[in-house]
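In the two complexes that follow, chain A is the common piece, with chain B as its partner first and chain C second.
For the complex of A and B:
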């Protein structure tokens, strides 16, 4: 309980910063891949290019930021103290990046050597992370829905990793395996389980905090992670033993639960007392409506399963969830986290009564706005490319490169300015 | 009414004043922002003073914890006083962007501070100070002024 009172117990800012600064480069890589291999990406979700692109976004961008942010916030939000956070980051960050790059190469070249390398690196990165954060989390009681959510999300991550590595080894070793069934479950646990539950656990804290909304209703906050987990469990059992009706029931439960959470968030935001519309708010709104569109598609597919037979259908659904929803939500979050962490560090170094320069002198609102507009354009470009791949994949790829580069530039510039203010603090004789 | 309910209500009231001031500055009405921010600042300072003058000493006497949570809360109050001064100075100098930047960090600092008080400290106060009903009335009287 006391732990909650000490913000200072977070690790030094350099620990999460490396994850945040590396992640945007994967948006750039994803854009490059789309520009060169876009026709293959839009041909089917099973092409090597589509698999590589998916994992550049989900592991290189999303998971990277989530792991960095968790190392930072677990002590603050949950009072869960990770053992050796610096050492943890020093192992997880390089292993994750080597793993993602090997995985993308493995898919693109169909090379089993790269796939085995990817499996080794990813098992190291995620095995170490799950062990460390699991050890820290299970020592604290679940006194809030956020803590409960974090624990359930971590279980979902474990299942995602195990199923992913299993498919990777099967692919590399040429084992006979019904890949598409396991792949659907893998995507479900990764996006519906780990990502959605984690984002909800974080949203419980940050949506009321940044937008001055009322808190999430307690019953929803406690039940959302459990229901999602239950739905995924039923789906997995149904799929593995071949009970189709169970799969359908589970997927409908998953869609309705997630939809309920999204609608609750939109309703809370209608009651916000802070009218100011900043870049984070606009990213979140985009994300919520994109996910709502994807859930509508999933529900439609539940009613008319034939829709899922169109190759383009799951592609659009995936794009809406991953890029429209998760990448947008996480980017909006980054625009709050990075300036605040840098500012907070400056604050701890400056003398009492001498507040550090305001956050917008580290990262100006207008700089974030340009990047947001590029993101909107990239979203439009992707939609166009989904309709006319031949004509539009190159412009869409270029726009993704630009929005990724813009995010990278904004974050690097914020760190650069932070260094300047820090040196100034040394000159002024303050604690440096 | 518990201490937690009452003090949480006062946090929300301060949030509302904050939102008015920030909104005015966003819209470019600096005179309204100045007026709104001053009202916000006075409300927050009253809240801090009531906590530091009545609630924290009562908590420390009842639990014997003098270097614990109340010490952290006092330090954060000090930080927020400095931040409010910096924001007011920016506004007085007609620096709209500077003001908006200052209050952005102020809001996050204030919210995480409130979260700690509402989730940890106030429940502990209600637990340990139940035998001091006069405390709630004294706090209510102090915060009703203005």
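For the complex of A and C:
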């Protein structure tokens, strides 16, 4: 029966765990950076501190967890088996972390050496990951919207990496470059393409499974990844050849498509059969409403383009999407995945007739709840810092540090308890 | 794909591992060549691997409401 989730064929729990345990430390680093350089962060999205902070969150936290989770769940969600998952993680994890840290230092110090180092490490980490997961995914037919979505998301990741490395080399080498256009596209492909399509492809499976909701309507599920990709392609063509109306049409299409997916998810959650409201559900609700607010802002900017001229406008939009939306969604997911993986490993190890401990003995709901409240406070702190940067960046930074530290503590505690139960399983005689 | 209720596992609102358990239990009651229907809101790739190992065939269809209807031959 344990073959249910095919983890026996999947990598051992230590493979994704290294990604999951490292990621919260980037929230801590982001909080420290905000506390010390917060006024520069809120001055403009182009300041070195703002660029460093953005990438600590998007690469150090978000991408880190997404890569670790994908190595583990591709066999389950797509029936796609990665070659050598342990070796893959052993290459991708250190290269990604060296890359993110070099990138942050490169931005903060304006040092080309760190930028070149970041380019090398990130190309290794993401090149190897894209090649391995692409090889595994394209060997399976697209029999479900999730598989199709994962393939499209991977293409979007490739475009994000190529555009990012190109800008990095241009910055380091002093090449001429229309930075804001390429940077907008890079952010669009990274957040709208890779992140949104990947989260949707995974949501098709996990929202009905964890929340006991109905499934996503098939037509929406098939078309969402394709429409997002099409919108991003039109946006890119319009921006690169200078056709403004095409850019506007593409951005409206992107906003409406993403909005449709968010509203569909909220409607499905209203029909859920699991009465209990857990931490994951609350994180996801927060994420969905934050993204909805960001999409409303983007639509308003389409109607009144002057709004986009305010320096603070894109900052709030970015905060809502990255921290309010993606970080919240991913953290909520982590609270389901980590206890489950640890519990499942214990179940496989436990002697026959001796069931593994209940999942909440690995990570208690109340522990996750305290961390959720810290996240709410950090969100409020950031909003206050957006309004009054001079007074509020330090409290907001401290609250983000506490949020990241709380998540780290919860995950380490779960792994520590797992270790104790595992030793107990050895004493009781592991299953052969 | 209209199947009698006694040959159908409607696992759409079941928590893991119940869909797997219910499917394997129903397969145990079938004779070789008989068919059953599994309804689920996701494609159960891990189950597919077990079915493949045990020599069962299956055909999967995604319905408009997001249900995967999987016809399994014992």
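Definition applied: the second predicted complex is superposed on the first by the 421 of 432 C-alpha atoms of A that agree within 3 Å, B and C clash if a C-alpha of one lies under 4 Å from a C-alpha of the other, contacts with A are read in each partner's own complex, and residues count from 1 in each chain.
Keep this in mind: a residue touches a chain if its C-beta (ideal position, glycine included) is under 8 Å from a C-beta of that chain, and two chains touch if they have at least 3 such contacts.
For clarity, every value in this text was computed on a predicted model and none was experimentally measured.
Contacts of A:358 after superposition on the shared chain: chain B is touched, whereas chain C is not. Judged by the touch definition given at the top, the superposed model places A:142 against neither chain B nor chain C.
When the two complexes are overlaid on their common chain A, residue A:296 makes contact with neither chain B nor chain C.
In the superposed model, A:269 makes contact with neither chain B nor chain C. After overlaying the two complexes on the shared chain, residue contacts for A:78 are found with chain C alone; chain B is out of touch. Once the two complexes are overlaid on the shared chain, A:209 sits against chain B and chain C alike.
With the contact threshold set out at the top, residues 1, 4-6, 144, 205, 208-209, 212, 273 of chain A are in contact with chain B in one structure and with chain C in the other. Touching chain A in their complex are the following residues of chain B: 15-16, 18-19, 22-23, 26, 68-69, 72-73, 78-79, 82-83, 85-86, 90, 97-98, 100-102, 104-105, 107-108, 111-112, 115-116, 119-121. Against chain B, in their complex, chain A makes its touches with residues 1-2, 4-7, 144, 205, 208-210, 212, 273-276, 336, 340, 343, 347, 352-355, 357-361, 365.
Contacts from chain C toward chain A in the complex involve residues 12-13, 15-17, 20-21, 24, 41-43, 45-50, 60, 62-68.
Looking at the complex, you find that chain A touches chain C at residues 1, 3-6, 9, 75-79, 143-146, 204-205, 208-209, 212, 214-219, 221, 273.
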